[in-house]
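These are the structures, in structure tokens.
Look at the two complexes coming up: chain A is in both, with chain B in one and chain C in the other.
Presenting the complex of A and B:
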């Protein structure tokens, strides 16, 4: 840290080079932060699943939205040992104003749903929601994205679905917080799906009972008109996202490629700065600075420049995310502090790794030679 | 007179590490860009052929796609008799279909795959004239299915005679079909009633109808959209395929956007390199000018240096990008192949040239502007 004044001075010496390096790293970190936020969006959907919650879907289908199970299954399910409660959810995807703005709508039996998935109503109240057949509770994130408020009437393109916003809620479960809750009766009439749900949520007494309860439910319903497949909510979400697995892999490859490109850029920048200062390095060494000090100086300088670029890139990414809505109405796009810190860590890492080879070379120069070097 | 290229090459070779790093940086960027262009071309090829001009797709009103659409069986009574639908002697060319996405198991692998299955009747083959059975025998009945080429690959290269599992039942592959490059190639065709029974569905997904005359398309669509007995949306088959292709192309577009942003970062790196090169060779520049080379010659020489670096990186990068050729990416039900051919390589090299010019222009101008006296004075 005592080298800080020296570092600052040498950064200022060649402003153009510093600016270009900061810009290059800033752009790379911007891309990295954007890719990380998509990953964070995926991760948040997993983390919000309850540990002792099961999902019951129609058997054999890969696309969950097309699943249909009968509400009448609930009575059979609740008699399975360890089951604490069960209720159905009817899902639909609707476009708001255009197909670019997709909203996920969940029709629920409010009283039963609240017991299994606690929600906190921030604005408006539950009584109003219950009183209106076409009432809707809008997730906090969604309401913020589209500027909806209590008392507003919202119409969607498909099925001419119209709802009345009676409350804004927040929930630990991010999948619901990004969408709208409606009364199942209302939604099922519009979708011609009376008596059916997309899936059932089942709460069991403790996480250990998940596997056995899943098996019991499926075998109890095996002879029914539509057999089911039951699994923990987390496993269900994982299957849902399997279709996108390869895209996530591609994003990961791009992330790595971006990091590699910036390491080259940082290494280039440091080696240029070292070349400029060979004589300075020689003088410092002759004054008594050790090789490790020289390395500290150079690596520290590179890390600082990279950190500045990283901060700018992260800020730009945060600004972009603030204006972007969630991905397809289902994957929230945010940059949580942990991921932002990770992005900054990557930026500094790029600066450090890029600087290693050039600074080792600089430190290795013999004092006499470096003093003699003119250009 | 222009400064000989030998000077440029030798200058680059003098600063090996810097040259190498810049070239590698450009190579990495061009490699990613070339691969992304290859992905875009693969998508375009997969969804290139856009269906028959005289077919109309009829969906539930407001449905996003055939798989999310649901039509009651009774809707056939209206749809089949709408004016404009072709009547080929003994039957009306209106094909009811069930489009559903089952977890499908293929022989040799326990892992189920996300596939698209379409339940059809015999009339389908008269309506969907892009479908040609290239192996095995045509027709679906009982638990005999036809697998499209794209689906065949996605299932890991299954063959006629193999058995696949859908909805807990076994289906035998009776044939492999081609569909002129349309989405249909990613699907499994099965008997409609059999599939509805296995999937426990009692409604169709959609109808595909053939028009008597292509010119009738707009009128028939309008009649279907306005009909009050069935709530449907109708569109030309080509329009339907075009809109589903758009969904997939988003992936390639995002990839391209990301690689372009990273390219900008590489341009900054290139500029850095060139500015340093210029600064380090000020006395040389002064000498060259004193000897008689014009400002223009200096400009061209440094621009050439920048281009040499970037094109070298471009060639390496394009070659690396070619490694992605043939890779497959599963996007939903589709399976896209990267096509890194002359098109993608040319784009990659073009990008390298742009990077070279963008990175070298300003520094080269700075070099050209220096006055001889100042340049010679620099140590």
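Presenting the complex of A and C:
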């Protein structure tokens, strides 16, 4: 801390270089924060899935959205041991105003659905929803994103789908909180998909019975027109998000590349700074600063510049995330404080790691070499 | 008088490419506390190298430097750095002030290494600037000062830790006659009034004339020693 005033003065010495370094690290942290927010979104979805809930999809489909199973399967499924309830969900992805704003719409049998997926109506009421055929319950995250309110009529691009917002709800399951619940009959007619669901939600009495119940359901439906694949809700969610998982992997590669490039950038910046100030290092050493002091100064300077860049990058990422709302209409984009702290830690880490080698080299210089004192 | 410094059989060899270049050969020199010694000699004679070895910013290839009987040459890097802070003040030809710091901040720099409150550091730095007559320039940056003022700031920095030994390497080499005279007056005052031991490299006979002893080097060997000190090279 005693060298902080000197560090602060030093970073203002070459403003252009400092700004470029801050910009480079800020950009890196921006990318890192964006990726971390996607990770946080994935985590929130997975963590909110039920432990003793199964999803039944059409067998052998790569894309879960195109899955179709018959609603009549429910009676067969409820006869399987340990199954305590089942209902169908017809899922659709609709564009609101433009293709950039995708909304997940789920058609459900309200009474059966809320028994398996408890929801709390925060605004409006369930009676209005039940009374209106085109009534809709909007997840509170989605409502906040688009500013929708009870009584509003919302139209989507596809299928001329129009809904009347009758309530805003919250749910422990973040999948549904980011979408819209409609009456299944209404959505089925619009999609011309009557009597069918995208998947069935099945509750079992005991989390330990998930595997055996899954096998029993698939076995019981094996000879039906559309055989099924039953798995835990968490595994089903992973399957549903598989396409995004690919993006996630790409982002991870970009993240690593970004960090590496940033480290080299910081190292280059510190190297240039040290080269310009070789004589100063000699002066400081002649005054009694030890090698460790020189390293503290140079690494501290780099870490401070990186921290400033990190703060700017995080602020920019937070602004972007506030406007982007969600990824593909499904993954909520938020940056939890712990992840932001992680991004800041990475930024400072970039500054420190990038400065280590040039700082060690500068500290190892003999004083007379630094001062170029030879006679 | 007591011997403050003893240089014993000091030799220095530099590797230049594949060749070894001998810069100093078997130098022996005693300096008393309160001495004002001028080191003279042609370029390349090894005076700056000798000064650097005595000041602990270079090490001898062989031989040793004793201060108060303790072998400085044996100290490790950290101990040597601490020794420099406590015992030696440097004044360089190029002034060597940090351009990003004001005069008073430059003078304060060595005090950062001591366990001293910020207010006390500032007070001592201002006192040192007062000694060199630069109180009015305390908050000016080096680029805003003349060469003479920069050098006087550098003297204040050398003085601020109250070291016993001040090493000045051609302190007037970059100054005009008036500024050079001011700096020499200042060094004289430090020696006379504050009893600082001064070792000064100079090419200027008139500057050397301010010292009470002149030591001459030629081709890395000590060839002459004249003055009023009680001790002579052995």
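The working rule: the second predicted complex is superposed on the first by the 354 of 375 C-alpha atoms of A that agree within 3 Å, B and C clash if a C-alpha of one lies under 4 Å from a C-alpha of the other, contacts with A are read in each partner's own complex, and residues count from 1 in each chain.
As a convention for this text, contacts are C-beta pairs under 8 Å (C-beta built on N, C-alpha and C of every residue); 3 or more make two chains touch, one makes a residue touch a chain.
None of the values given here were measured: they were computed from a predicted structure.
K.L.:
First (chain B), second (chain C), both or neither: which does A:286 touch?
P.N.:
After superposing on A, A:286 lies in contact with chain C but is clear of chain B.
K.L.:
Just chain B (first), just chain C (second), both, or neither: which does A:4 touch?
P.N.:
In the superposition, A:4 touches no partner, neither chain B nor chain C.
K.L.:
Which holds for A:275: it touches chain B only (first), chain C only (second), both, or neither?
P.N.:
A:275 contacts chain B only, not chain C.
K.L.:
Name the contact category of A:21: first (chain B only), second (chain C only), both, or neither.
P.N.:
A:21 sits against chain B, while chain C stays out of touch.
K.L.:
Just checking: does A:12 make contact with chain B only, chain C only, both, or neither of them? Give me first, second, both or neither.
P.N.:
Once the two structures are laid over each other on A, A:12 reaches chain C alone.
K.L.:
So in the superposed three-chain picture, is A:264 touching just chain B, just chain C, both, or none of them (first/second/both/neither)?
P.N.:
A:264 sits against chain B, while chain C stays out of touch.
K.L.:
Considering only touches as defined above, state whether A:35 meets chain B (first), chain C (second), both or neither.
P.N.:
In the superposition, A:35 touches chain B alone.
K.L.:
Quick check on the superposed pair: does A:157 touch chain B, chain C, both, or neither? Answer first, second, both or neither.
P.N.:
The answer is first: A:157 touches chain B but not chain C.
K.L.:
Chain A residues touched by both chain B and chain C?
P.N.:
374-375
K.L.:
State the interface residues of chain C toward chain A in the complex, per the touch definition above.
P.N.:
14, 43-49, 52, 55, 57-58, 77-78, 81-82, 84-86, 90, 92, 94, 96-101, 105, 109-110, 112-113, 157, 169, 201
K.L.:
Help me check something: in the complex, which residues belonging to chain A touch chain B?
P.N.:
Residues 16-17, 20-21, 23-25, 27-28, 30-31, 34-35, 58-63, 65-66, 93, 99, 157-159, 192, 225-227, 242-243, 245-247, 250, 254, 257-258, 260-262, 264-265, 267-269, 271-272, 275-276, 358, 374-375.
K.L.:
Could you please specify the touching residues of chain B with respect to chain A in the complex?
P.N.:
Its residues touching chain A are 17-18, 21-22, 24-25, 28-29, 31-32, 61-64, 67-68, 70, 100-103, 112, 114-115, 166-168, 199-200, 251, 255, 258-259, 261-262, 264-266, 268-269, 271-273, 275-276, 280, 329-333, 379.
K.L.:
Looking at the complex, which residues from chain A come into contact with chain C?
P.N.:
2-3, 5-6, 9-10, 12-13, 279-280, 282-293, 366-368, 371, 373-375
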